[in-house]
Structure formats: C-alpha cells, structure tokens
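Labels run A, B, C and D following the written order; every chain starts at residue 1.
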Amino acid sequence: MILITDQPLDPKTLADAVRADSDGAVVTFEGVTRNHNDGRRVEYLEYEAYRPMADDKLQELIDEIKERWEIDAVAVAHRVGRVDIGETSLVIAVSAAHRRPAFEAALHLVDRLKEVVPIWKKEFFEGGEVWIGDPGSERTTA
Amino acid sequence: MILITDQPLDPKTLADAVRADSDGAVVTFEGVTRNHNDGRRVEYLEYEAYRPMADDKLQELIDEIKERWEIDAVAVAHRVGRVDIGETSLVIAVSAAHRRPAFEAALHLVDRLKEVVPIWKKEFFEGGEVWIGDPGSERTTA
Amino acid sequence: MKIAIKLFAGLRDRAGTGDLTVELPGGATVADAINAAQHNAPIEWIAPTILMAAVNNEYVDFTSALADGDELALIPPVSGG
Amino acid sequence: MKIAIKLFAGLRDRAGTGDLTVELPGGATVADAINAAQHNAPIEWIAPTILMAAVNNEYVDFTSALADGDELALIPPVSGG
C-alpha cells in the first residue's frame, strides 16, 4: 500500500493493512511536525510531491527492504499540503515474523525516503519560510 | 504509562499518550500472536504476569531507555490471559525529537522485557501445550 | 521464620498451587527456601540454572539471606512480549 | 526537439512557474536543457552539485542524452518524511 494524500493520515489503517496471521511483529513509524527545527520556532509545514515519480520511488524502496530483510508486508503513506504542529506527515508500517527485521527495515525505509523520494517540505517558521535543504529559498516575512 | 490488562490493546491509545508538540517521531511496536512457532501450528497463547513486580520492572526498563537514548516519552501495555492468533499481546510506543533514538529505544525495550519482566507465555499448539522457555512443562493432548 | 513462596507458570502448574509457605531457621537463604519448597512439593522442578528468584519484587541471588515476612517468588524463564 | 521541464519546490517558487519548454538540437543532454532553462528563467538557480534530474520518472546523470518528448524534472534536495 502506497498512499500520497492531502488528508490526515491514520496509522491504524496502515498497521492493519500489513498484519497477517503469520506475523509476530508490526512496527509503525509516524513522522510528525515538530514545533522546533534548527533552533527556530516552527509554525507549520507544507509538503509537495512529484507524482507519479514519488509513488514509483516508494515502490522501489519497498522492494529494496523486502529484498534485504525478512519482512512480510510494508505500507507507506505521505501527506502533502499543509501539516500543522503535532500532525503526522508520514506513516510507515512493516510486518514480519520477528521484531528485529521489522524495526531495521522500517528505519531504513525512512532514511532512504529522505534521500530519493521527490517530496519537498517548506518550513514556515517564526519570521520566515524556507524549503528544507535549499537555503537560497529562504524568505523573511518581516 | 504502564498497563497490564486482560482487555484488547489499542496501539493508538499508547501512541497518543506519548506524542507532544516537540516530537518529530513516534515509533509503535506491536507484538502479535503468530500462527506458527518452532515449526508448530499455534492455536492461541495465554499470558500470566506477576504483579506488581511486572509493573516495577517495566518502569525500570522505561527509566533505562530514557537514560540511554534521547527520547521523550514511553508507553507500554501488555495483555494477560488468552490472546488469539492475530491479536496483540504487547504494545510499546516511544516518542522523540528524532527517529533513530525512538527506533533503537523501542527495540531495546522489547529485548529487555523478554529478559527480565516476570510475564510468562503458555503456547497452546496443535497437539499440546508448553510454557515457553520451560520445555519440561510440555504436555501433549492426544 | 515463615517465608511465603509464590510459584508461577510451569512451576505453579506442576505443583498444583501458586502459594507455599515454608518454616526456616533465622539466617536461611533463598537456596534454603527453595530446598524446603522442593521437599514440600516433590515435583519435577526447573533446573536452578534457569530459575530466577525475587524477594519483595526485586531479583536476588540464591545466596541472599531471607527475613521473616519476605515474599519469595520463584521465576521460571520469562517469556513476555 | 521539444523538451518539457518541470520545476519543483524552491526552484518553482523562484521561477514563478513549474513548467518550462525548451527547444534543443537533437543529441542534446540534460545539462544542455538545464542551460537553456536557466537562459529562459534567469533566476538564482540551485547549485548543480545539489540539484538532481529525472527523465520520465527516473534519476539520470546530467550527461544523459534527451529524446524528443521527454519530460525532464529538475529536483532540488528532497526533504520528505
């Protein structure tokens, strides 16, 4: 299951999508909008995705972790548009017979997602805004 | 939050108990009754806890991971009594500013729980029953 | 002195009870209490190498001295999760 | 040949548009298309060391040759999660 949506994410939907009777472990990760980053007070984030490339890359990453770890199923959902403090922008759920591969594969998937999936985050902080990773995009709103 | 109960567990309750506006990551682990173990077909499990020692040990483990990793909050719930295939016997939720410590601390907590918390699992498999870790307890039900 | 002993899981199933009480001389240790319990409940016990003991909710060595009124828990290999 | 170029995130904001089209001679590369785009949209571009390019949804080197009808995406540092 791969979902890119502007609607709020529900971790339970993803955890339930991956569980099967042969699984002993379900690991769920939520990436949440923090109220602080790099010493700045964050007000909210806005995410943008390049689709369908983002879906394709997520599928490649799912294939990558299924190749490398003994896991059963994987679900990923990423929100786009405005995401307020405390709201969830990313959910990953991984099921497996045993816990360790489920943990390792889920962490690796988040790490890789942040490297290769064409999704961007604009941070609206107190006094300005910036696309993360692109310092030249910073604007101050004096 | 530490909960030992004979009622079904709800991962959302634990994830919501640990999240705060300063957290960027919430990792949730569910331990689930598998339909197989050690080559046997499992029918269901029964868990027993020694309370209040189990609560005390869980609190010690929470203190231990909070000491070792930069995490925010931790919640643990363990079910006792009969747990059927596909049902969740253990939920752990860990929040943190950043994802890696949340993943590592959650996995460590499960590992340690299985070493020191006085909770026992009786496996009812096809043709018999056994307390896990105590082979002498095995009974066959011809 | 009187020591209450709690048995769990496979031990309790074999003994048919989760509660034993043993009478021991002052200065007796956890090991002494286990010996007395094995005498009172002559079942197939768990090998001491994998058995753990707790007094008043804390794990202790078998050489620990007991005090009157202690609750001794005999803890087979745990298997939560 | 005509190459459609998509701009995202900070690049799109600066250019004021997410879509450019450039006209290039046959055999032109991704680098040629980026040069033409920079000519069409003379803004502060992202350093090529951190810019990535994708053609038809696959990452490519700047030396890759383009074909008529390709969709070239210029991808600033990604930051999902």
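Methods note: a contact is a pair of C-beta atoms (placed from the backbone, for glycine too) under 8 Å apart; a residue touches a chain by one contact, two chains touch by 3 or more.
No experiment lies behind these values; they were computed from the predicted model shown.
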Shortest path length from chain B to chain C (each step joins two touching chains): 1
Chain B to chain D: how many Å between their CA centres? 50
Using Cα averages as centroids, what's the distance between chain A and chain D in whole Å? 25
Got the chain B residues that touch at least 2 other chains? 31, 110
Listing for chain D: what residues touch at least two other chains? none
Every chain pair meeting the contact rule: A-B, A-D, B-C
Would you mind writing out the residues of chain B in touch with chain C in their complex? 31, 47-50, 52-54, 56, 78, 89-90, 110, 113-122, 131-134, 136-137
The answer for chain D against chain A in the complex is residues 6, 8-10, 13-14, 44, 46, 50, 54, 57, 59, 73, 75-81
Which part of chain A faces chain B closely enough to touch in the complex? 11-12, 15, 19-36, 85-86, 88, 97, 99-100, 103, 106-107, 110
